[in-house]
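Okay, here's the structure, questions in a sec.
So that you can tell them apart, the chains are marked A, B, C and D in the order they are listed, and the count of residues begins at 1 in each.
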Amino acid sequence: MREITYAQAIKEALAEEMRCDENVVVLGEDVGILGGNFRATAGLYQEFGEKRVLDTPISESGIIGCAVGLAMAGFRPVAELMFGDFVCTAMDQIVNQAAKIRYMSGGKLSVPLVIRTNIGAGRSSAAQHSQSLHAWFCHTPGLKVIMPSSPYEVKGLLKSAIRDEDPVMIFEHKGMYNKKGEVPEEEYTISIGNADIKREGKDVTIIATSSMVKESMIVADRLKEEDIKVEVIDLRTLVPMDKTTIINSVKKTGRLVIVDEGVKQAGITAEIAVMVTEEVFDFLDGPIERVANENTPIPFSPPLEEFVRPTQEKIYQAVKKILK
Amino acid sequence: MREITYAQAIKEALAEEMRCDENVVVLGEDVGILGGNFRATAGLYQEFGEKRVLDTPISESGIIGCAVGLAMAGFRPVAELMFGDFVCTAMDQIVNQAAKIRYMSGGKLSVPLVIRTNIGAGRSSAAQHSQSLHAWFCHTPGLKVIMPSSPYEVKGLLKSAIRDEDPVMIFEHKGMYNKKGEVPEEEYTISIGNADIKREGKDVTIIATSSMVKESMIVADRLKEEDIKVEVIDLRTLVPMDKTTIINSVKKTGRLVIVDEGVKQAGITAEIAVMVTEEVFDFLDGPIERVANENTPIPFSPPLEEFVRPTQEKIYQAVKKILK
Amino acid sequence: MKLSKEKLVEMLRKMLEIRCFEEAIYYVYAQGWMPGLAHLYIGQEAIAVGVCENLKKDDYITSTHRGHGHLIAKGGDLNKMMAEVMGKVTGYCKGKGGSMHIAAPELGIMGANGIVGGSIPIATGLGLSSKLEKDSRVTICFFGEGASNQGAFHEGLNMGSLWKLPIVYVCENNLYAISVSQQRSQNIEDVATRAKAYGIPGEIVDGNDVLAVYEVAQKAINHAREGKGSTLIECKTYRWGGHHVGDPGTAYRPPKEVKLWKDKCPIKGFKFSLIKRKILTQTEIDNIENEIKQRVDKAIEFARKSSYPAPEEALDDIFAK
Amino acid sequence: MKLSKEKLVEMLRKMLEIRCFEEAIYYVYAQGWMPGLAHLYIGQEAIAVGVCENLKKDDYITSTHRGHGHLIAKGGDLNKMMAEVMGKVTGYCKGKGGSMHIAAPELGIMGANGIVGGSIPIATGLGLSSKLEKDSRVTICFFGEGASNQGAFHEGLNMGSLWKLPIVYVCENNLYAISVSQQRSQNIEDVATRAKAYGIPGEIVDGNDVLAVYEVAQKAINHAREGKGSTLIECKTYRWGGHHVGDPGTAYRPPKEVKLWKDKCPIKGFKFSLIKRKILTQTEIDNIENEIKQRVDKAIEFARKSSYPAPEEALDDIFAK
């Protein structure tokens, strides 16, 4: 199959949806002429023009608020927040407005809005350009939350997100924009709410999000050599969460490692772990292991950054620990 | 002992600290002439004047940013965000600035800042004035997070927060501002990071936060009549968390119910539950029960609001379930 | 400006409707029939009416915590409003929103808002939708002078002006934001000055003179509809009561000031001029007032008789089905 | 304006130091010695220097993502800066901050900032501290024209102006925010116009003329120090390179425009005038340049020889001990 980058996959998803639905518009900082800071909107401005691909001022609340208004009026805006850290300057519009408008209006207003942003450290971008803040939005009823792990996933999920009637936050990964993967030429979508078993195994389950799926696969390879069969689940969407796939896997393996790049404390690994404990306590052979970012801001210097991030080695150790 | 309200206890803490440290200043919307929307700063403007009690424009980012600047310059600002929901309009200053400045500067800058805000539904204030968003800040390294459960706790903890060298978020409870409780006349502080066992018991542990402590105590009374001995732990501070007290209690009872007013999904109850599971898995006699807000925005109409909130009945049922 | 008799009477009627509705809310609150609080519009009626009388049904408005007046002026149904304020299932939002969150998209009412300034960027999006669709709608964005200190105000107006969107930003300067007077919250006398920061016209108008508001709004609305972009209108006015029904509003405002502004009552003045111009007689006005009072009483009755939503409905409307 | 020879030479020296440091960063980046990215100040040197030459050591500055120039102008040590940019433990922040987060409170440098507009409300707080302490310090708040569209700009300036704080807001209008030109981000020609929204003086100055910047800044700083409040200064300038070291900056800017501005080089012009005024000879300038180059080379060497922090140090500095 042909291979394209994660950024290209995003661009294809956007272009396809824009072609078949003229209500789809893209807006954000530098998404137009520049084609996006991470080149995920490259070419859209040229194809669809400045009316449908809007470069905005540096005004994140303005961007999301504007997208909310567009969405209420029948458009399907896809707003980009260049770095995931900038959700902070748009938080009111995301949380108090977009997420709650359907509810507060008793179902009268819809906000079919997609917010594209990202997570991920590892690029020496320091504390204000490296956060993985997706957990906050899982704690915000009214939002769907997606974390695509590859070019294939990001294309299929983004297309579904655009067609969704509700606000969807899609957390891409900064370290993956340039990474290639197989993506079919023909159209497809991936429905929101389904996890994907990336590899079957019977000894231990790893649930991973975003770029941690790939890291976990590499660890699974390594463990295979030690005759440990790891089942790797790509969670794909956090809200709604595919409990069935998770539970079935844990019932089979009895052991669970959860890997996510967010800060560990009060992060999404906690929610997944508890959900599993609540649902299949008796199937668990031991405590669940969580591999996540240390409870620190992201430091700039490479050795420090490496120290705090979830790594293959940490995933490996977690599996070994749980099997003891 | 004399009884004063939660709001009065806050005001006393502020006044005492302002008297003994002239670097303590208070700022926020309507904290001056009006004495605070919830009257928690009543009288301070009159005693300390407009230089130390600043009514601000409606600019939450401005308020927190200003407090950050003051703190870096050697002051000890106490900033009020009138409703907990308004953290959203100040999120960048809280998360990207206040929480990270010490770290990013390699320890060169300090931000001894207190942010007073609140949680709590139950007042028919609807979705934008009822959220309990404390979990987000537990997921933000660099912040301490406090949730006082009574006038006694709020006074002692706020005084410690003001003396702390780091940014502290203190989540008061809107439903408690008018509620009275015993508070000693003589000065005292409560150190950050210590949970408090409000009642000892051997059958089941309830860990509760904020106003849920009182609700849990009432449930414990009711269960006592059924000869069920409940240990009630008032968590008091979420970050840092008093793991020892929690673990010792669970070791004793083997059963845990966690009660918190935040939304359940990805909330603080998940983090506590996982921490316990990780630390004392083998002592647990069954899955942990979480009582928290349903995964919905807060509705306006009283029967709806009652339906989504954690209530005494829900706490009671959780204990009964866990004992089955 | 020459307006038909019908128009003038309609304006008075709407203003009276707002006044009467808001007085009823005080009553309903005092009776304990209403959960929570509400922010009343009494004293500012000329603004909502003066502006909205220029609008077509499908024009958009965004509103604030102090929204009842805007909604009524834009055609809101008193029964559904009252029921919403009481948290009943027959309300505009099935009881989920309450006073601060009433929405009626079928009337172009795209939501009141509990976050100060929160609706300003949303209005930008509504305006942008009209520009993209070429539907010649206009969006009216109401907010207070306090909101003009919010970052969202700045971002919303910057984008609205940049893209020449058909939006009229209506700042109701009632001199206070809760307890904080305008001069204690900004270093300028007129919020309209801020229009300069966005390169758009800034107008100042007596917000208690419904005809003056009508005229200024008409100009701005035409400007917008003709594709010439946004305008910021500042209406000088006063909030008669406290910040909300539970606030007497006396702790931070001199009684003299309150009295002065009550003397400038937007309704009294307008009634007087209509009588003087022989558009209406006192008796006719009395009849109108009685008729409105009856409708408001009926709204209270309707709302009181309506049932609360079933508790489980709390779980609906989070996502589309 | 009459300035001593020493002052003029010092200004040239500082500008050269910035230029040379930034060129070194390009080199260091190309060599792969530096992790991450950096936003260079080349072309804007006259602003940082023209402003900071008015300051006392304990005056405050807040900076931005494009902060090296401000730091050097305020007295930053080249070794510690270079080490920080390379993530070394000898850097200003022990390698934890990197290019965008350098802080040196001992020099009044209260932090660069990776969030556009993020430091503006912080500057308000610094200014407030001076007012409360009556320490007669001034705070300089640097930011770009792109930042002037952020809500934080509005809230920061509103509060700063309201409380008459000793702050000078210095907007470096380099015509672009990443790829978006000023006219595609705001409906006004001059950011200085926005001063009207806050009732403070707004000044426009040629940001490539260090003496002009010095003069305007001096006036504003004196104004602030005398307790008369804030000023917004807009310095018209240009960013020679791309947005950061990895961006050629050619995709969205016409080459002609870039050339035009390079011709207006703030350093070339200043050198020329100093020679003409017989303050310095070409040889003296060459000597200064050589001396600076050596210092920058030494900074690179210092940084390269320094070690990285120990990994576990990542767990320190979250809270005070």
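In the analysis below, contacts are C-beta pairs under 8 Å (C-beta built on N, C-alpha and C of every residue); 3 or more make two chains touch, one makes a residue touch a chain.
Treat the numbers as computed from the prediction; the structure is a model and nothing was measured.
Chains that touch both chain A and chain C: B, D.
Distance between chain centres (mean CA atoms), chain A to chain D: 36 Å.
Separation between the centroids of chain C and chain D, computed from CA atoms only, is 45 Å.
Separating the CA-averaged centres of chain A and chain B is a span of 30 Å.
For chain B, the set of residues that touch two or more other chains comprises 56-57, 59, 61-62, 85, 88-89, 92, 96, 103-104, 126-128, 141-142, 295-297, 299-300. In chain C, the residues that reach two or more other chains under the touch definition are 93, 95-97, 101, 113-115, 118, 149-152, 154-155, 158, 162, 184-186, 318.
A complete topology is adopted by the chain contact network, contact being made between every pair of chains. Taken in their complex, chain D has these residues touching chain B: 60, 91-97, 101, 103-105, 110-111, 113-115, 118, 120-130, 132-133, 151-152, 154-156, 158-159, 162, 316-320. Of all the residues in chain B, the ones that touch chain C in their complex are 29-30, 32-34, 37, 55-59, 61-62, 85-86, 88-89, 123-129, 294-297, 299-308. Against chain B, in their complex, chain C makes its touches with residues 35-37, 87-89, 93, 95-98, 100-101, 113-118, 146-147, 149-152, 177-180, 184-186, 251-252, 308-315, 318.
On the side of chain A, the complex with chain B involves touching residues 85, 87-89, 91-92, 94-96, 99-100, 103-104, 126-128, 133, 135-136, 138-142, 239, 262-263, 265-271, 273-274, 277-278, 281, 286-288, 290, 295-297, 299-300. Across the complex, chain C is touched by residues 149-155, 158, 161-162, 164, 184-188, 193-194, 196-200 of chain D.
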